[in-house]
Every structure is written in C-alpha cells, then in structure tokens.
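In order of appearance the chains are A, B, C, D, E and F, and numbering begins at 1 in each one.
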Amino acid sequence: MTTQNQEPWRIDFLVSELRRLRLTSLEARQRRDHPPKLPSRKALTQIVDDLAAALFPNRLGQPDISPEEVDYFVGNTLASVLRRLSRQIALELQFNAEQNQQVLDAHVEALALTQQFAAGLPDIRALIDTDIKAAFEGDPAARSIDEVLVCYPGVNAMMHQRIAHRLYRFGAHLSARMIAEIAHSATGIDIHPGAEIGESFFIDHGTGVVIGETAVIGRRVRIYQAVTLGAKRFDKDEQGILVKGNARHPIVEDDVVIYAGATILGRIVIGQGSVIGGNVWLTHSVPPGSQVTQAHVRS
Amino acid sequence: MTTQNQEPWRIDFLVSELRRLRLTSLEARQRRDHPPKLPSRKALTQIVDDLAAALFPNRLGQPDISPEEVDYFVGNTLASVLRRLSRQIALELQFNAEQNQQVLDAHVEALALTQQFAAGLPDIRALIDTDIKAAFEGDPAARSIDEVLVCYPGVNAMMHQRIAHRLYRFGAHLSARMIAEIAHSATGIDIHPGAEIGESFFIDHGTGVVIGETAVIGRRVRIYQAVTLGAKRFDKDEQGILVKGNARHPIVEDDVVIYAGATILGRIVIGQGSVIGGNVWLTHSVPPGSQVTQAHVRS
Amino acid sequence: MTTQNQEPWRIDFLVSELRRLRLTSLEARQRRDHPPKLPSRKALTQIVDDLAAALFPNRLGQPDISPEEVDYFVGNTLASVLRRLSRQIALELQFNAEQNQQVLDAHVEALALTQQFAAGLPDIRALIDTDIKAAFEGDPAARSIDEVLVCYPGVNAMMHQRIAHRLYRFGAHLSARMIAEIAHSATGIDIHPGAEIGESFFIDHGTGVVIGETAVIGRRVRIYQAVTLGAKRFDKDEQGILVKGNARHPIVEDDVVIYAGATILGRIVIGQGSVIGGNVWLTHSVPPGSQVTQAHVRS
Amino acid sequence: MTTQNQEPWRIDFLVSELRRLRLTSLEARQRRDHPPKLPSRKALTQIVDDLAAALFPNRLGQPDISPEEVDYFVGNTLASVLRRLSRQIALELQFNAEQNQQVLDAHVEALALTQQFAAGLPDIRALIDTDIKAAFEGDPAARSIDEVLVCYPGVNAMMHQRIAHRLYRFGAHLSARMIAEIAHSATGIDIHPGAEIGESFFIDHGTGVVIGETAVIGRRVRIYQAVTLGAKRFDKDEQGILVKGNARHPIVEDDVVIYAGATILGRIVIGQGSVIGGNVWLTHSVPPGSQVTQAHVRS
Amino acid sequence: MTTQNQEPWRIDFLVSELRRLRLTSLEARQRRDHPPKLPSRKALTQIVDDLAAALFPNRLGQPDISPEEVDYFVGNTLASVLRRLSRQIALELQFNAEQNQQVLDAHVEALALTQQFAAGLPDIRALIDTDIKAAFEGDPAARSIDEVLVCYPGVNAMMHQRIAHRLYRFGAHLSARMIAEIAHSATGIDIHPGAEIGESFFIDHGTGVVIGETAVIGRRVRIYQAVTLGAKRFDKDEQGILVKGNARHPIVEDDVVIYAGATILGRIVIGQGSVIGGNVWLTHSVPPGSQVTQAHVRS
Amino acid sequence: MTTQNQEPWRIDFLVSELRRLRLTSLEARQRRDHPPKLPSRKALTQIVDDLAAALFPNRLGQPDISPEEVDYFVGNTLASVLRRLSRQIALELQFNAEQNQQVLDAHVEALALTQQFAAGLPDIRALIDTDIKAAFEGDPAARSIDEVLVCYPGVNAMMHQRIAHRLYRFGAHLSARMIAEIAHSATGIDIHPGAEIGESFFIDHGTGVVIGETAVIGRRVRIYQAVTLGAKRFDKDEQGILVKGNARHPIVEDDVVIYAGATILGRIVIGQGSVIGGNVWLTHSVPPGSQVTQAHVRS
C-alpha cells in the first residue's frame, strides 16, 4: 500500500526490461559492449546555421555588423564551425569504422575531410547566389534579393543541400543525411544529399518535394511543390535483399520546368528545356523541348 | 500631443476590448469564472524527447554514455519524465471534468493512467524496433540501423504515434493529440493518435501523409509520402451536427504497400498483400493480393 | 608541416574569397558600403507567439494565470510586443528606403504603422474565434474548442495569416512574408500574406496547402490538405521580366468546400457553395453550387 | 581489465555507499521514508529580483518601460511573483509540519501568509526609499539617487532584508533566512532576517557587516564595513544545549553612527546619537550622545 | 468569499499604492513624465567578461582557440563588445543630460568616448600583465602565471578596476561605478573607479578591501585582505550638505606594503617603501621607509 | 570622414597591438606557438554543484525526487560529473606537462586520478555530515539540520573545501584552487585547498575568513568571521625568490574556538581546547586550554 506510493513507476522493472530489449537489439548487431557514438543532430543544426552566417554575414550572421568587423566575424565563425564540424565527422568515421571492424585515426581523417570541405565554401556561396537570383527572377511575388534569402524555404533547403552534398561526396554520408533531414523538417522539402544539382535551381513553395539519392539535375531548373523525382522500382539481389546505391532516379537536363505535383520515376531523362505539367505521372524519358501535360479527361 | 507619446498603443483600450471578446467567448461555454488549464505543448515536447532517450539511451539519450551508467540514466530519466507526464495528464483530466461538470481527484487518476502507460513502455520499444528494421530493409538508401533511427522522419513520427496511441487508448485524448501534432509539425506526417497500427510499419519520406482517427493498419505495411487514409463523408445526426467517433477510415491488412500520393477514403478494406499504385484514388474495398494502379490515360 | 597544424582551415584564404564574393554580390545591387539591416526571423517568431498569448491569455499565455491578473498580463504583454514589433518594422522601412534611395524617419513611420496594426488586434481575435468555431464544427474528431485552439495546425496557420495580412496591408510586406514562412515551416501550410480570407476559414490537416498572393477567399470556406490556389501563368513585360503584383490567383466565394489535393489555378471564380472534389485540376471558373469531381476513369 | 574500462567509476559501489550514509543520516531524524521538500534558493533568488522589479519598475524592472505600461508591468509581475512565493512558503510550512509531526493544509496557510506579506509591499517600498535617501545624503561619492539604487550593495542588502524580515515575522523563517543568505553572498553583508531595523538605514561598503537575529536598530543609523552587532555569549540550558531565540544582540538607538570594524556584542544599548569609532570593541551599554573611540595606544 | 479566491493578492490595490509612491518619489526629482533609462548591470557584466576575453583570448576567451583564428576572435569580440559598451554609455550620457536638463546627441558623444576607451585597451592589457606578474612573484602559493590569471580575486578585481577607471576618467562615472560593484560582489574587494593605481599592484585574498574615490596608489604596491584606504571625515558646506569630490583619501607611494586589516584614513601620504603592519590604524602621514606596527599591548 | 564611420573602433590596429602584447607575454614563457588549455571555471562550478547534488540528493539534487528513483539519480549524476571532472583534470595535467616540457597521456592519468577521487566520495559526505551537525549544535539561530545545509555559507565553503582538498592531495592543484575560489567568491571565505581540516568544523558568518595553504586544523574547531590563519613572513632563497610550499601557517588543535577578527600568523600551535578572543593578534604558540583575549585598553 505505502509500497505503491514508494514505487509508483516500478522503475527497477522497467529498467531491466528495457535493458533486456536493448541488449537483444545490440547483440543482433554484434557490438554489445561498446555502441559507437553518432553525430548529433543538434550540433549539426547549429553548424549549418553558423556556416550560413559565415557565407552571408550581413543577412544571416550577427545583426548590426559593421563593415570594419565583417571579416573578423567571418574568420572567427569559420574557425569555430569547422572545428565543430570536424568533431562530428570524426564521430561518424569512428562509427563507420566500428561497423566495419576497421581501425582508423578518426580525428586525422575527419580533419582532412573537413579541410577539403572548407576549401569548397566559396564555391558553395557562389552556387547559392545563383539559386537566390533564380528565385528572384522566377517568382512574381518576390520583391528583393534579400527577401528571397531570408524568406524562401527553397533557398533554405538548397543552403542545406549544397553543404550536405559536399559532405556526402567526401564520404560523410550520415552527417550529410542528417543535415538533409534538418532541412526536410523545416521546409517539407526532402532532397537526398546524394542528388547532384546544377546552378540556379529554384524550388517554389516546396512542401512535399522529394528528390532521390541518384537524381541528376542540370542548370536553371525550376520545380514546384509536391514534385517527386523518385525511383520506379528497387532492385533486389538473388537473396531478395535490396541492392543499394545503383542509379535509379531521373536525370533532369538544363532549363527544365516541373510544375506542382508531378511525379517522375526511374532512371529516365527529361530533355533540356522540357516543361512537365502539374500532377503529371511520368515514367519514361522525354526528348528536349517536350511539353508534357495530363490527359484532358476532366469534366 | 505629448499624450500621444505617452500612450502610443492605447493599451487600456486594447485590454478592455480583448477582455470583452474573451468574456463573450468564455460565457458561451458557461465557464466564465474559472477557465481550466490545458496540458502544455512545450512540456509534452520535452516529455516525448525524454521518453525516446530512455527507450534508446545510446542513440537518443545522453552523448558519451558508458555501459556502467546506462541503467542509471534510463531509471533517472524515466522517473523524471513519468512524473512530468502524470502532471500533464492531470491537467487534461481536470479540464475534461470541468467540461462535463464532474468532480474527480485528477492527480490520483492521472497517476493510475500514467502507471498503465509506463508498464507498456517495453512494448513500445519493441514495436519501434520493428519499425526501424522495416525501414532499413525497405529503403535502398539506408546504410545502417542507426542511420534509420536518427534520420528517418517516418521513424520519428512512429515514435510519437506509438506513445500517443497508448495515451489515447487510456483516455488522455488531448495530450495524445498534442503529441501527434508535435510529430506532424516536425515531419509533415499527420497520424491521428486513435489510429491502430501494427508492427513493422514503414513510412518513406512522409511529407503529406494523413492517417485518420479510426484507421486500422496491419503488420508489415509500407506507405510513401502524401498517402491519405481518410474519411469519405462525415455522418450528421438529425440536428445536422457531425456524429463524432464512428468508424470512417480504411482498414489496411498485413503486408500492403501504398505508393506516394494515393488517396484511400472510407471504411473500406485493403486486402492482405495488396499494392496500391501512386496517385490512385480508391473508395471501395479490394480483395487480398490486389494490384491497383491509375488508369493509363496519360500521353 | 607544423604550418599545416597551425593553419588547418586556411582561414585567411577563405575570408578573402568570401569577401570577394560578397562584394561582387553587393556591388550588383549598388550598395557596397552599407548593407541595410533586415527584420529578424527569430524576433518575429517571438512576436507572433506573444501576440497570440495576449489574444488568448488563458490558453496560449502564461500557465496558471488567475482572473485577477489576466488584464495585467495582457496589457504588459501588448506593450512589450508592440514595442518590439515596431522595431522590426522600422528595420524593414529603413531597408526599403535604402533600396529606393529615399530618406525617411523609419522609427516614426514604423510607430504609426504599428499603431494602426495594434488598433486592429480586437478584430483579429474576433476573426480567429470564427476560425476556431469553424474547425470545431467541421471536424468529427474535434472534442472541444480548446483542443482546436491548441492542436490544429490550420488554426495556428490562420493565427499567423491574420496577423501577417494586416501587416502586409499596412505596407510591412517583408515582415508579413517572414511571419507567413514561420507558419509554413511549422505547419506545411503556405499562405501568402497578401491573400484575403473571410471569417470562419477552416483548413484540415493542411500539409501542402498553397494559397497565392492575390487569392480572395469568402466566408465559411473549408479546404483540406494539399489544396493549391495558384497562378496559371506569369505575365512578362516587353523585356521578358515578370510583371509583379497583378491579380493571378482564384476567387473562392462563400461556403465553398475544396477537398484534398485539388489544384485550382488562375484568376477564376469558384461560385458560392460549390464543392470541389479531391485531386481535381481546375483552371476555369464554375458557377455557384457546382459539384466538381474527377473523371471516373479508374479501374 | 576490460572490466575496468567498463566500470571506471564503480558507480554501483558509490551509489550503495552513499545510500547507506543517507539512510543513516535520515534515520537519526526519524523520517526515513519521506524527506519533505525545502524551498529552492534559485526560486527565491528570482522572487526577490521580481519583487524589486515590481517595487522599482523604472529602475530594476523591464528596460524601455513606457509610462503607459508601467502599471501593467507592476500588476503582472506581482501576480506572478506572489504566486511563486506562496508556493515556496507552502514547501516551508509543509517541511515544518513534518518536522513537528503536525498536519496542516500548507497551501491554504501559505496563501494567507503571502497575502499578509503582499499587503505590506507598499510599506517596504516606502522604507527602502528612506534607505536610498540616507545613502545619497551620507556618501560624498554618490552622484544621484539612481546611482545609489543600482550600485550600492548596502541598498541591495536592505532590499533583501526588508523583504526577508517581513517573511520572518509572519513565520516563514527558513525562506527568510535563505533570502538573507542570497544577499550575504552578493554583498558580503550578513543581516539575520530577525533583526528589526528602522527607516533611513545606511550601510557603506558593507563587506563583513554582521547583524544578529535579535538586534534592534533605530532610525537614521549609519554603519560601515566590517561592523559586527553580535552576541557575547550563548546561554545553555541544564543539558548544556544552546538556548535558542532569546535576546542576545545589541539595541542601537536612533541617529547612531558606527564606523568600520567596530565590534558591539551582547544585549547592550547604544544610546541615541552616539558615535562609535572604527575598530572599537564594545560590550557594555553607552548613554545617548556618547563618543567611543579606541584607546590611543598606536605609535 | 469566492471574491477572495478571485483576488487573492488585491493586485489593483497594490498597483495603485505603488504607483502613488513612485510618483511621489519621482515628483521630488522633477521628472514625473519621463524617467530616463540607466545602463544595465547585466549588460555591463557581459561587456567586462568580453573585454577580458579579447585581452586574454587564450585564457579567458573561447576554449580550444587555435593560433590561426586568435586574431579573428579578438577582432570579432572587440567589435561586438565596443558596440554594446557604446550603447550603455549613451544611456548614461542621456541620463546625465536629463538630470541637468541639457540636450545632447548621446549616441555621438558615447561613440567618441568609447573610441577613446578603445584606443587605451592595449595599455590596459599591459598594466594587467604587470599586476599578474606582481601576484605571481608576491605569493608563495602561486604556481604559475596562468593560475594567477584565472584564480586570483585580486587580479579579477584589477581587471575590472583598470577598465572602470578609464571609463570614469572619460566621464562615464555611473557605468564605471557599476563595473566596480560587479567586481565588489564577486571578490569582496571594493575599489572606487576614481582611484588611481600604478602598475604591478597586488591584492592578496582581498575580502574586505576598501579603496576610496580619491586614493592615489603608486607602483609595486602590495596590500592584503581587509585593508581600508578611506576618508577620515566628510566636509560639509554652509547648508550642512556634504561637499562631493574633494581629495579625502590616502596617497600611497611606490613599493609600499600594507598588511591585512590595516585602516588608513584621510588625505595622508604613506612614503615610498613603507611597511604598514596588520590591523594598524593610521590617520597621519609617514615618511618613506617607515615600519608601522601596532603597539604591543597584547598579553 | 566617412572612413571614420566605417572604422569607428580601429579594430585592425587594436588587434595587432594586442597580438604584439600577447606574443611578448607568451615568449617570456617560452611557449609562443601553442598555449595549453586550462580547466574551465564555469565547468568546475557546475561539477561541484553536481557533486553536491549526488552527495545530498534530497536537499541539493533534483526537486521532487522520489525514494524509488533516488539511487538512479545519484548514479546518473555521478557518472556524468566524474566524466566531466576527468576532462578538466586532463586539461590541467596537460598544462602542467607542457609547462615542465614532459610528455604524458593526460587522459589516462586524469582517469586514474579521478578514480581515486571518486572512491573517496563517501568519506567526503561523511565529513560534511559532521560539519553540518557542528553548525547546528553551535549556532542558537539554527532551527534545523536542513536549514544549516541549505543556508550556511560556512557549510557551502566546506563542501567546496573537502572536494578541493582531495583533488589537491591527488595532484590537481589548479582545479582545486579554482574550486576554492568559486567558494571564496560565493561566501567571502578563502580557504586554500592545501589546508588540512578535521571533522566537525564550523565557520559562522564567515565573511573575511582566510586559511592558508599549510594550515592544519583538528577536530571540532569553531571559527567566526574575519579570522585569519596566515603566514607571518615569506622565506626567500639566496636569489631573493620566494620559497614555495614550506610549512608557514598555524596548527590548530582539537576543540579550539577562535572568535571574529582574530589574526593568527606563522607556524605556531594553538593547543587543544584553547579559546582565542575576538580581534586578537597572535604570533606565538599557546598551550592547551589557553584563554587569549585582547588587552583591556579600551575606554
């Protein structure tokens, strides 16, 4: 009776049950003693925000920044954020190594990887500049370049994508994926970090957009909300296990426009300058200059 | 003139106008004197995060946790989070009682309800383990179980759903609903806590998924973004007021796959092992093993 | 070698590259020396939360608020939040003036604009009350008015919209747009602050809804997830530049219902009391009382 | 060996040893099962800060407060802070009751006590106004009344003392003592909340001042750093246990000045208008108008 | 009865009483309508911490700072902290101007004053370096220069004093005083910002030290806890009001040592190289090389 | 002119001047390239708070802790705090090694040192229990054991001292010193971590107490505010440099009482059971049972 008040939650029981489940689950993966650590989503969220601040210090950095100090702000922010990024990547590399039972000096490799990434930051800034310009020119509701930078979810998603894609290319797949999901949660735009996307890419509204791991997108492409660039089917090997990593998403050439709700599936090619109409369902390649719309079967 | 500077906002006027509106609104609900308190969304957000940390301490709990301390972390987290959950539920029960002009000891009832919920935590963990495994096996882009746990919005949504569903079943409807909306905001996946969902459920991408209050979903079901399991029509009583709570959403049997954008409406049954194609609009039952696709009316 | 350890990131190089890109980008906009400041998204997020707390102090304000203190809470919150809003608007006006090379006393104009906005707060509260009532009456899953206020993303989106729309009408376009995007990120509902929306508007589920800048929506309209009220085409002037601001989105009259996934494009009129079915694609006006559904071409 | 890595801290051992010590310690006090809660120092720190903000809203309250809103700020702050104070006092009353094995409704009694305290807040403000004025007039380095309010540790200590003393008189001894220690930590001035202190009390510099529980201080008294108003001896009862609560500290009459480092011990009377010199050691009463200095034995 | 529950605190009454007291108090100072704002203690606390971080980036700045980034950190910190300091000083200048019914452009004057202050930062760093060295050489318990910098309250107090003294000299008396009190609260060392102190000043332990507004201290002086350099008497004018600002504290020449508890009062001169013993009470000048101790009157 | 606006602070100049000073200062210590990191005061502050919470979970730990969970709280807190302590100690060991140009595995040594420290935690708790009991029995104003634990600065200081002293003995001198200064700042009580202090030590009021590095204090000793146990002189070697570390502070035997303001200097012995009166200045040993008071030279 008083016992019940003393132990309202039966903590000892819950702890032992959860331990049992945890060990069962870990044992199945042969690493009972020592689960490696993962990168932290919270840390990566701050890292992307700080990279954005360093790339666009007057708009996304410190408020009230004066011309005299802007370089100091950029340099100080970069040093701090690259150090933190390197730590997260080291966690990922250590995690991968333990998964594969390898030994490595994760910190040294992470440093090298982060140095490669850092060297590409000016390219990232230049690419995002083209995305911003594309949004400004493509949306009649946009009133200024700055409004586009601070308001448009598509630009926010591309900020994350262009950062995540570089990390992905250099081998930090998990960190890249986590950054992509941070953008997905904030914008409803789900772009796998493996996707290759050319300059001047514009996503309007964006909620529900899905772009798959092996998609390839050219320059000056424009897409709207709820567009899917997906896989048609998943290949399996002889044991019936999914084959991972093979090319299975569309190639979209330069200057294509894809309107809202269109679904484009499989390793097909959308030829340069094509226009794909709203809600279109497309599973075969179309030549350059195509105009694809829904069949006119409505009342 | 100086008066204007002294009273730029005309606060006294605004306060009295807003009071008038507030009282009008409260009077309509016969509880002018004493508006009961509601559970807090902010508190519930933290509660779900802490439950997740207790269920998956090595991945979602404290970073750097050592094997020696993991049980202490789990026990300490559970005690704290269950106490806080019980308080939120007491607010809800008190609120319901005042709505219905009942008298109850909300804290005693909330404690009993939370104890029931606590006893089911190992089951929740076991179910989520099956969801994670389903995602890993169903997505060629997934590289590890851990990546699935920390990256996939569908897994995040199910973590919330399996917690919310238990609370809903035990009578904490409002808290359950608030938890479901926390997941909806973070993932774009909108699952009513009333929905019954079997083990090994996998939602890919997820943005735009809607699953209604009385939906029933079997084991090993897989759905993609923008799938709706909705109601076809809402029944009204003789006074033209909506009838609340009757079964009006689909039953999806074991091993069904539903591709992106499919809309399935009404209390129909999708037979075991069926595959529903992308963008399909379906309002009648289909037998086990069906393959439903859109009519081929596109160019 | 040691040099490499001393300069792992080559900060000096990155800083100078980023400076070069920044200056190039700023020069293109003729304001190299002195980039004006923008309103802060973080500040606006808090401002909308505090306005909501002042409008609904018992539900969204301070927990545990007593009847004796509620007016003090409302008055104190209003004074603080209006002062902060005025500061953000001053930043926007200053920004616009510099864009247009005008001189103005931004603080005086911002004060006047904020005073106008403040005077309309009781109207905003009254409108949101109608939205809440519409949701409660329109959803069989809703169990109480309070549940609707604290749980429904559609109500949350309209709280932002009705605030943003007033700011937009008074000329604070950028702040209004930023507030709209705060709601978009939290709910997946993307309503341009320019849209005019009548009382008792109900959005169910909401993810993927897009409502354009010049849309006009009557009273007692109900829409579901993934509905688009968009533009059909964008007019360009003789230089091929988009014409900004002309009416290009639908007019939806009183008592219309639009089911999930419907796409309605162009400056067309949906006549009073019409019902537009799920997934319908509509680019021409329909008379009052129309029932529009998809062609029945499914298997 | 690996065991050592797995259990670096021997947590299980430490936990059981500390439990053993804790139970031993609690058993000695006959309340093993259920240690009552104490008021929180952190909560009381915030409570005193908020009371000070309500008493001096233009100086210690919200920055940027406008005349139009000052009453709203004061009312809102009072409602919040009194509610929190009442909760802390309830903890104390519950604690005392369990110590004395009584039963009481701590919340009801705490409410009554807090109401008494609240009614005296205007008196507290009026008294502190006299303290501020005394400091301004007594220190040649003071340049304005406002400087005195925001800079002088003696004024800060008296703000705490006048609040703590009221709580002490109404029976919240422990909360009062905790507030006194908050001031002691911040200022080095240690005034027991039991001390009775008249208007216009000025402590300059203040570090090292000690004023005992039963001290009585008149009006317009001025003291400097390191002054002690202490007890000469502690009476013990027949069992050799200290007698608690009897009058054992000095009575200082109106208009007395006590210079730095003076030590005044025992239930003696310092007559009106006396001046006690620096470093004086005094253990007997002196008549009104006395001038007491050290013997002139220095080189 | 229920009324009592509705108004437990009688907020309306308290608000009106406190308003009455506030207006009475403000009227006495002829500025009822518009109380000017004061600098913020919290802001100044952060400002001093950030100045210390810029002066000693490797020890008091960001942890983990690399040689490559240290200048960026210093520059970025300085820009931010000087901007904030300028704002606090503007508040003070505005406050002073309103006290004296002057009109000024507080922001312009504050900028100029802060520029003067900034130009002296290297001198401040150099002086503090001498203080640190003096402490290291003067205390047998000190094990390293770095220990002295991060542990010694005397060094912390001098960091504040050397900053506050510059602000005081340039006319920001109130901000300077507030900074001095921040140090007083943290260390128990109370040095008026007006005091002039030469290089290599060492205060050991420090609790209870008081140094007055017009004190002048030479180079290589060493003092211990509870030393007072105070005023002997306060001069009054014909109306009996204290004369403010005249020289009334000691002059301590180079190489003097003053042991714990010594009290030195009045505008006297302690000649170069003198040693003043513990607890000594001294009110007359002593020539260079004096050894002053207490009379030997102890048992 | 506009240049002045662009560079109000002359940041470039300040950065280079401060760099110059920094390098000069570092060069003097022969470690220009690579200043080692120090432990963090902020981290140590939290560490001591968490150790106190683990030692006294019901009073200084989590509020609302239930009997069922207390061990989980203790274990979880210990694991976290010991890990963090070990990291701080590793910084110190690395710092010392670089000072002495040694090479060591700081993390391994820090782990071993922290393990030793951890094993002594039960002893620390037991000692502090005796201090609390001594305070309760020694102060007529103390009303309960719990009041003593949460209110008395002397107990707070001893909590820090007993922790710091163990760290000091195990070789973490700098961390120990930093913890001692945290207590000094909060309480005005300055006890060097090297001091050896027996059980049941009671410091009343405490402001201004100084206890030196080599002091030795027996059991059941009681001291009051402003007592100094200091060094009489500092020995120098042939080069005139202070000899560090030799015994130079008093030995105070069991059951001694020292009243406020007494100054006891040098390696003397205060015999068991002696009573030293207030303000006494003592530089020679006294036999057991002595009663030392000031000469009666007052008026």
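Here, a residue touches a chain if its C-beta (ideal position, glycine included) is under 8 Å from a C-beta of that chain, and two chains touch if they have at least 3 such contacts.
Not measured: the values here are computed from a predicted model.
Peer 1: Using C-alpha centroids, which chain lies at the maximum separation from chain B?
Peer 2: For chain B, the chain whose C-alpha mean is farthest off is E.
Peer 1: At the chain B/chain F interface, shared numbers over all numbers used: above half (same) or below half (different)?
Peer 2: Since more than half of the residue numbers are used by both chains, the interface counts as same.
Peer 1: Through what angle, between 0 and 180°, must chain B be rotated so its C-alpha atoms fit those of chain E, rounded to a multiple of 5?
Peer 2: In degrees, rounded to 5: 180.
Peer 1: Can you work out the whole-Å distance between the CA centroids of chain A and chain B?
Peer 2: Comparing mean C-alpha positions, chain B is 25 Å from chain A.
Peer 1: Round to the nearest whole Å and give the separation of the Cα centres of chain A and chain D.
Peer 2: So the centroids are 57 Å from each other.
Peer 1: Which residues does chain E have that touch at least 2 chains other than itself?
Peer 2: 6, 8-9, 11, 15, 33, 64, 66-69, 71-72, 74-75, 78-79, 188, 207-208, 226, 261, 279, 294, 297
Peer 1: Report the residues of chain F in contact with chain E in the complex, numbered from low to high.
Peer 2: 8-12, 14-15, 17-22, 25-26, 29, 33-35, 37-38, 40-41, 95, 99, 173-174, 177-178, 181, 184-185, 188, 190, 192, 194, 207-208, 210, 212-213, 226, 228, 230-231, 234-235, 241-246, 248, 261, 263, 265, 279-282, 292-295, 297
Peer 1: Give the list of chain C residues in touch with chain D in this complex.
Peer 2: 62, 64-66, 68-69, 71-80, 83
Peer 1: Residues of chain E touching chain C in their complex?
Peer 2: Within the complex, chain E touches chain C at residues 6-9, 11, 15, 66-69, 72.
Peer 1: Which residues, counting only chain A, touch chain C once they are in their complex?
Peer 2: The contact residues of chain A facing chain C are 54-55, 57-59, 63-64, 67, 70-71, 74-75, 78-79, 82, 111, 114-115, 118-119, 121-122, 125-126, 129, 137-147, 150-153, 186-188, 205, 207-208, 225-226, 260-261, 278-279, 294, 297-299.
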